[in-house]
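Look at the two complexes coming up: subunit A is in both, with subunit B in one and subunit C in the other.
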Partner chain A sequence: MNYTFDLGAVTRNFDVLLQGLSLTLQLTIAANIVGLILGFLLALMLVSRFALVRGPATAFVEFFRCTPALIQIVWFFYCVPMLFNVFIGSITMAVLALGLNLAAFNAEAYRAAIQAVPREHEDAGIALGLSPLQRVLYIILPSAIRASVPVLLTNGIGILQQSALVSIVAVPDLMYEAKTLATETYRPIETFTIVALMYFAISLPVSQLVGWLERRRPA
Partner chain B sequence: MGNTMTVAPAQGDGSALLCVKGLRMGYGPVEVLKGMDIEMKPGERVVLIGPSGSGKSTLLRVMMGLEQIQHGQITFGGDPYITADKGKTKIDIGVRKKIGMVFQHYTLFPHLSVLGNLILAPCKVAGESRSSASERARALLERLGLSHRVDAYPAQLSGGQKQRVAIARALMLDPKLMLFDEVTSALDPELVAEVEQVILQLAAQNMPMMIVTHDMWFAKNIASRVIFAAEGRIIEDGPPEQVLGNPREERTREFLERVFHIKT
Partner chain C sequence: MMSYDFSVVLRFSDALTLGLVMTLKLTVLSILIGSVIGFAVALARTSSNGVLRFICATYVEFFRGTPVLVQLFWIFFCLPLILGVELSNLVSGVIALSLYMGAVSSETFRAALRTVGPEQHDAAIALGLPSHVEVTYVVLPQALLRAAPPLLSNSVSLFKESALVSAVGLADLMFVGQNISNTTGRPVEVLTIVALIYFVIAFPITRVVTVFERRMLRKLKA
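Up next is the complex of A and B:
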């Protein structure tokens, strides 16, 4: 190998990458807000006694879990405007596509945690005279949400990586800026190495946090 | 908890505190309780023993309103509170709230501290103020030797401490009858005594109770009356000296020999 690494092209244009990174982080945060809230509502539907309530939520979750995120994004950007004649800004569209995808996975995390609350907690709640609504609000949900935090965080950093996919529909995120820079400078190896390290540097603390939370979580 | 030596029945006529009549319950075709009648007087401490599948735990769960019944009625202090009516179980929550229960395990809410567990129901159900409930909780924990664990979370407690806190949580609602469903069965042997000690303390204060246990020493020491049940029916019912010491029924004798290696 006689390739010489030249980071100059990247360091000179680092501000462009930082702009991309800023958008990537904004997309991730916005998608997580959508995913955490919508996912929670979906999970409540998933554990409903009524098939009519469960059905739509199950369909939503399965659609987003069983198709590639890349296709979901392309579909959102090209098919939704044509089929439904709605034109939304590309950033909003990206947030929606990523957020809905995350909501499906988060819904499953919440649902699993809700169903993992021991039946005995419900019994203890009844024995203490709590009403069904009080049992849900004060016993089941608080304990389930706490239990689902590690998975929610894992899904959350997952969406940081997934957000790179929106670069193919010309949303100027970190990946998009990286591709442009690589093409302009003929330095793809240096550019993508640096960009990979940037994604890594942001994700690592979060995944460490997940590990720490799981270790200290009571059995 | 009152400090008086007698526990007045809710209706004051000196009759039964709790009355189970013609109780039948099952899951689908499987009948678990095949007609049970029990009358419990104020101040009695009834220990239920019997082989697994005898329905003793189910009986406590029914009395707590945790199961649907097919037939029968349960009265507390003269008020019917669980009634089978055309296949549906009607529960009078107001009456049922006078009964407290402690379960075998998973009893404490893991996201709440010891104090949080104790004051949840008083604050949310009885509408007591946070400060007044906390004050009562601290006093109660002090009496049970748990004042150093007020702010601990369930995961930080030993099994014995968890069960003592669970008992304290039930006592916060000032029950007139306590049900204990195998509360020491999930504990390591060396932790059993501290929990039984708390229940014995309650007994000394004349708290009426119904206890399902496999611990013979405990049964003998706490019971004022022992009921032996098998296959959903009551086989023998009498003072502990009789049922545990000199049973009249052959099935009771067999059970004691087999399970507790007691030759009677």
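Up next is the complex of A and C:
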């Protein structure tokens, strides 16, 4: 191969990549806030005993889980303004698309954890004379939320990866800046390798933390 | 308020079918190759060779810790430069998605391998089975059975991730859909239908996974 490596093209333009990284991190954090809160509300709807409440939540969750994230993002960017005649800034739209996607996955994580709380715990609550609301607040939710943390963290870091998709609709995140830089400098190997390492450097600690949390959890 | 006319999509049904065929071809090939890689890597991670374990762990963490889009771009633009050969779009797409599937499914296989107890290994030694026979006739069948439901889920994810190849110009369902949406100026109709096509394929598989898992739980309890 006759390709000489030149990291200079990347290091000289590193501030551009850092700007992109900063936007990527902001998108990830904002989407996680939306996903954690909305996902929790959706999970409460999913375990409701009323089919009328369960139905829409199930449809939402299944739809977002069974279609590509890319088409969700493209759909939001092209169709939401046309359908609802509103114009939302591209970054808000990106947060919305990523946040709703994450909410669907988080809802499943919360739901699985809520349903995994042993029946005996609730019986104990009844025996102690706790009201239904107290049983949910003080018995079911604390252990359910604790049990769902590893999955929520995995989903949350997954959104860092998925956020690269917004580069396709021209939101200037890390991936977008990388594509521009690789094209301008003709240095795809250096640029994409360094950008991959940047994403990796953020994901790795979180995935290690998840592994540690899962190991120390009593079986 | 504009009116919506979903019949425009019908005029392009041939193009969409071609795109869907490309998506399915890409997905199936990558699932097959990726699962083989995944099983091999999962086995290698139980090896006593520390260097081999480290290389495999790095591969898995790296492909799980970076965006698939970055991996795709890397394979599309950098691999031909490094290898010095032109790769067709389809080949690059299959390589990228297979490597991703390999990393993800290796974790699935690893969890499944853990459920094959050490006494099985002892029994294989007691019977004097050589290690390749032990792997193919003792470990693989049990691991595959346990791994089947999560492996199907991984396959659904891969099917969804395959839409990314549209970003590097491979004419899959997503690519065709976006093209039609741009030329007709009817994104609402076209993109919604394309999303529904993905949904109609992915959703039944996720149902099968749920039923399969429930049945297996019952079987394992019995």
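Keep in mind that, in the parts below, the second predicted complex is superposed on the first by the 218 of 219 C-alpha atoms of A that agree within 3 Å, B and C clash if a C-alpha of one lies under 4 Å from a C-alpha of the other, contacts with A are read in each partner's own complex, and residues count from 1 in each chain.
Throughout what follows, contacts are C-beta pairs under 8 Å (C-beta built on N, C-alpha and C of every residue); 3 or more make two chains touch, one makes a residue touch a chain.
Just so you know, these numbers come straight off a predicted model, no measurement behind them.
**Q** Touch test for A:H121: subunit B only (first), subunit C only (second), both, or neither?
**A** A:H121 sits against subunit B, while subunit C stays out of touch.
**Q** Using the superposition on chain A described above, determine whether A:P142 touches subunit B (first), subunit C (second), both, or neither.
**A** After superposing on A, A:P142 lies in contact with subunit B but is clear of subunit C.
**Q** Between subunit C and subunit B, which one touches more residues of subunit A when both complexes sit on the common chain A?
**A** Larger number of subunit A residues touched: C.
**Q** Considering only touches as defined above, state whether A:L130 meets subunit B (first), subunit C (second), both or neither.
**A** A:L130: touches subunit B, not subunit C.
**Q** According to the stated criteria, A:G89 is in contact with first (subunit B), second (subunit C), both, or neither; which is it?
**A** In the superposed model, A:G89 contacts neither subunit B nor subunit C.
**Q** Hey, which residues of subunit A end up touching subunit C in the complex?
**A** 1-3, 62-63, 65-72, 74-75, 78-79, 82-83, 85, 160-165, 167-168, 175, 178-179, 182, 188-189, 192-193, 195-196, 199-200, 203-204, 207
**Q** Considering only the defined contacts, which subunit C positions touch subunit A in the complex?
**A** By the definition above, subunit C touches subunit A via 1-2, 61-62, 64-71, 73-74, 77-78, 81-84, 156, 160-164, 166-167, 174, 177-178, 181, 187-188, 191-192, 194-195, 198-199, 202-203, 206.
**Q** So in the complex, the part of subunit A that touches subunit B is made up of which residues?
**A** These residues of subunit A touch subunit B: 118, 120-121, 123-124, 126-131, 134, 138-139, 142-143, 146, 218-219.
**Q** Under the definition above, what is the set of subunit B residues touching subunit A in their complex?
**A** So the residues of subunit B touching subunit A come out as 61, 64-66, 93, 96-97, 100-101, 103-112, 120-121, 124-125, 153-156, 166, 169-170, 173.
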